[in-house]
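What follows is chain A paired twice: with chain B in the first complex and chain C in the second.
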Partner chain A sequence: MHVPDGFLDAPTSIATGVVAVAGVAVALRGARKELDDRTAPLAGLVATFVFAAQMINFPVAGGTSGHLLGGVLAAVLAGPFTAVLCLSVVLLVQALLMADGGVTALGTNITLMGIVGVVAGWLVFRGLLSVLPRRTSMVAPAAAVAALVSVPTAALAFAALFVIGGTAPVDSGKVLVAMVGWHVVIGIGEAVITALVVGSVVASRPDLVHGARHLLAARELEIRKAVA
Partner chain B sequence: MGAGHGHRLFFHGHSAIHRARAHWKLVVLLVFMLTVVATPHHWYAVFGGYALVLVTLILVARVPLLYIARRMVVEVPFVVFALLMPFIATGPRIDVLGVSVSEPGLLAAGGFLAKATLGVVASLTLAATTEPVDVLRGLRTLRMPDQIVSIMSFMIRYLDVVTDELRRMVTGMRSRGCDPRSPRHWPMLARTLGALFIRSYERGERVHLAMLSRGYDGRMP
Partner chain C sequence: MRSRKFFAIFLLVSLLVAGVGSYYASSHPDGLEYVAGKTGFGDSAKDSATSDSPFADYGVKGVDNARLSGGLAGVVGCAVVLVLAGGLFLVVRRRGDGEAGAGIGAGDEA
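Right, the complex of A and B next:
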């Protein structure tokens, strides 16, 4: 879903660039609260992890394949601000060193995948956790729903940008339906993998999962009696 | 490219382009791409000029054109999208080779393809002629916030370590009869990724402790 150069017109690219800069600035302040002075090494390694996770393709439909975007995964594992930061750096490296996503579309890509994807997913995730029973086993299903919502939401934002600043005269309704429909399919893959990965980390190192930390604090030591 | 030296994204060389200061290359890349994006779709000759400038730069840098071409595969999904554009776009329709397509759609697809291709080639030229470390230095000179530059430097430094770790894990999966692509084996894949996250995070903690023990005080030297 990396937007290349020339896909959106210059004003839209610049406007999303401004949004991206503001979003990253907020994320920088927030990440310091999540990670304090460990920000640089930890966010760097989480960004590398997101990059590596994006390398794994999964088949979608009709011979095409999608890959993990990792926004919700990073947000649940490392915290939303760190996730925005990590995704932005991943996109920056991909644009400058791998030509994946245009340099002038970097702001658009950060806004869509970094900010919209992560924020939408994180809101859904926290919203669900606040209504679900306070158990660590609820973290993975909540992450799945969040991932399922976040991918089409980012696609919706892209379709909106395309209607405003697209360079091709395509019927906006068609773009909307095609983008959102296609990304619901990708979102299902994203949801399943996100839930499974989060589940496996929660099972072995729940203290590392940012989205589960407040549940651990509330967990009391219980001594179970053996039945036999 | 010599084994062991440099980065696989970087093409070792000694041309004037390789020697140019990284921050200038970054500024030139951005200005060039903004100009390309702002160029109207129907100025065909101007796009030819842009392409000529890029090819000249690549030749001056003595980077083989095939090296750039091979790395252009990242563009493929959007080429597919551009090829669909003339069929799904609105507007008056014309016949091309007996197929009815939308004229503005065809024009937009052509312009879009030209711009995206120029963008990919320009970025690849930067990547091929600039060491990742110099890109970081250039970004710092251009006043990119310190934190972003340090996160990016950690990412570039550990990119090969972590991707190799993943590659070894996937090789292990395959040798045990798992296919990481198949949804049937997604639970296995997910446990692999979970383990990769824990390893990456713990590596980050170790790096942080190593930095502290060498006198790190929250700022990169």
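Right, the complex of A and C next:
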């Protein structure tokens, strides 16, 4: 979903740039609470994995492809504020080094994939966990659903930006329907990859998973209670 | 699983995905490109200011073998992201207090 230069006009790109800078500033403050000596290394590796996974476009129907955005994956593993920073670093490196996503569109891409995707996905994830049984086995399925929702939500946000600042005179209603529709399909791939990776990490080191840690604490308390 | 082994596996998977797996990625346009083409705003895209980067489009300039070129670009990209993000997180993290790990860090000894 990397937006190239030229799709959106200058005022819109400047506005999303301001949103991105503000979002990263908030994330820098919030990430401090999520990162300590034990979790910081994993967070760096999560950013690296998101970069790697974004290189693999998987085919979806009708000659289209999609790749992992990784916002929910990063948020569940490393925490939502840290996830915003992970995606921002990945998008920065892609724009400057790989010419993937425009340089003037960097703010737009950080806003869409780094902020909208992460925030929407995290809200869905937390909402699901609050109604599901309090078990670590629920983390991967909840992450999958959140991942599925996060992709079309980011696509919807692009369509909204296109209505405001699209440079080409095309029917923005059609853009909105097509963007959301295709990205629901791509979101299925996002859900599968997110579930596999989150599930593997929860199985091997649940104590390092931001979105599972509170469940582990609860489990320990229960064990202690039973022993006492 | 020990942290060191766990982190090593995590990094290895990323390097394999970027360095080897990426060769098998679909070359179809992604969702946004496809919609842009279909609805008629694809031509409003402009070349990136960084399109002459030595790693533009996930290849290494001057390396003709597609598998090698893409794989190297992927590994270089991973290394740059790891240094930038890892460095940032080491600076931002809370140091020494370790309270988040108290009691549930037993996995390290497992």
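Here is the rule we use: the second predicted complex is superposed on the first by the 208 of 228 C-alpha atoms of A that agree within 3 Å, B and C clash if a C-alpha of one lies under 4 Å from a C-alpha of the other, contacts with A are read in each partner's own complex, and residues count from 1 in each chain.
One rule holds in what follows: contacts are C-beta pairs under 8 Å (C-beta built on N, C-alpha and C of every residue); 3 or more make two chains touch, one makes a residue touch a chain.
The shown structure was predicted, so the numbers you read here are calculated from the model rather than taken from an experiment.
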Combined model on chain A where chain B meets chain C, clash or fit: clash
Touching partner for A:6 - first (chain B), second (chain C), both, neither: both
Partner chain in contact with A:99 - chain B first, chain C second, else both or neither: both
Partner chain(s) touched by A:193 [first = chain B, second = chain C, both, neither]: first
Touching partner for A:131 - first (chain B), second (chain C), both, neither: neither
Touched partner set for A:41, first chain B, second chain C, both or neither: both
First (chain B), second (chain C), both or neither touched by A:24: first
Segment of chain B intruding into chain C (one of 37-45, 109-117 or 181-189): 109-117
Doubly contacted residues of chain A, that is, touched by chain B and again by chain C: 2, 4-7, 28, 31, 37-45, 47-49, 51-53, 55-59, 65, 85-86, 89-90, 92-93, 95-100, 102-104, 167-168, 170-171, 174, 204-205, 208
Chain A partner contacts - residues on chain C that touch it in the complex: 1, 3, 6-7, 10-11, 13-15, 17-18, 21-22, 24-32, 34-36, 38-41, 43-51, 53, 55-58, 70, 73-74, 76-78, 80-82, 84-90, 92-101, 103-107
Interfacial residue positions of chain B with respect to chain A in the complex: 9, 26, 29-30, 33-34, 36-38, 41, 71-72, 74-75, 78, 85, 88-91, 102, 104-105, 108-109, 111-112, 114-116, 118-124, 126-127, 132, 135, 145, 147-148, 150-159, 161-163, 165-166, 170, 180-183, 186-187, 189-191, 193-198, 200-201, 203-205, 207-208, 211, 216, 218, 220
For the chain A and chain B complex, residues of the former touching the latter: 2, 4-7, 9-10, 13, 24-25, 28, 31, 37-49, 51-53, 55-59, 65, 77-78, 85-86, 88-90, 92-93, 95-100, 102-105, 167-171, 174, 189, 192-193, 196-201, 204-205, 208
Residues of chain A that touch chain C when the two form their complex: 1-7, 28, 31-33, 35-45, 47-49, 51-53, 55-60, 62-67, 82, 85-86, 89-90, 92-104, 155, 158, 162, 166-168, 170-171, 174-175, 178-179, 182-183, 186, 204-208, 213, 216-217, 220
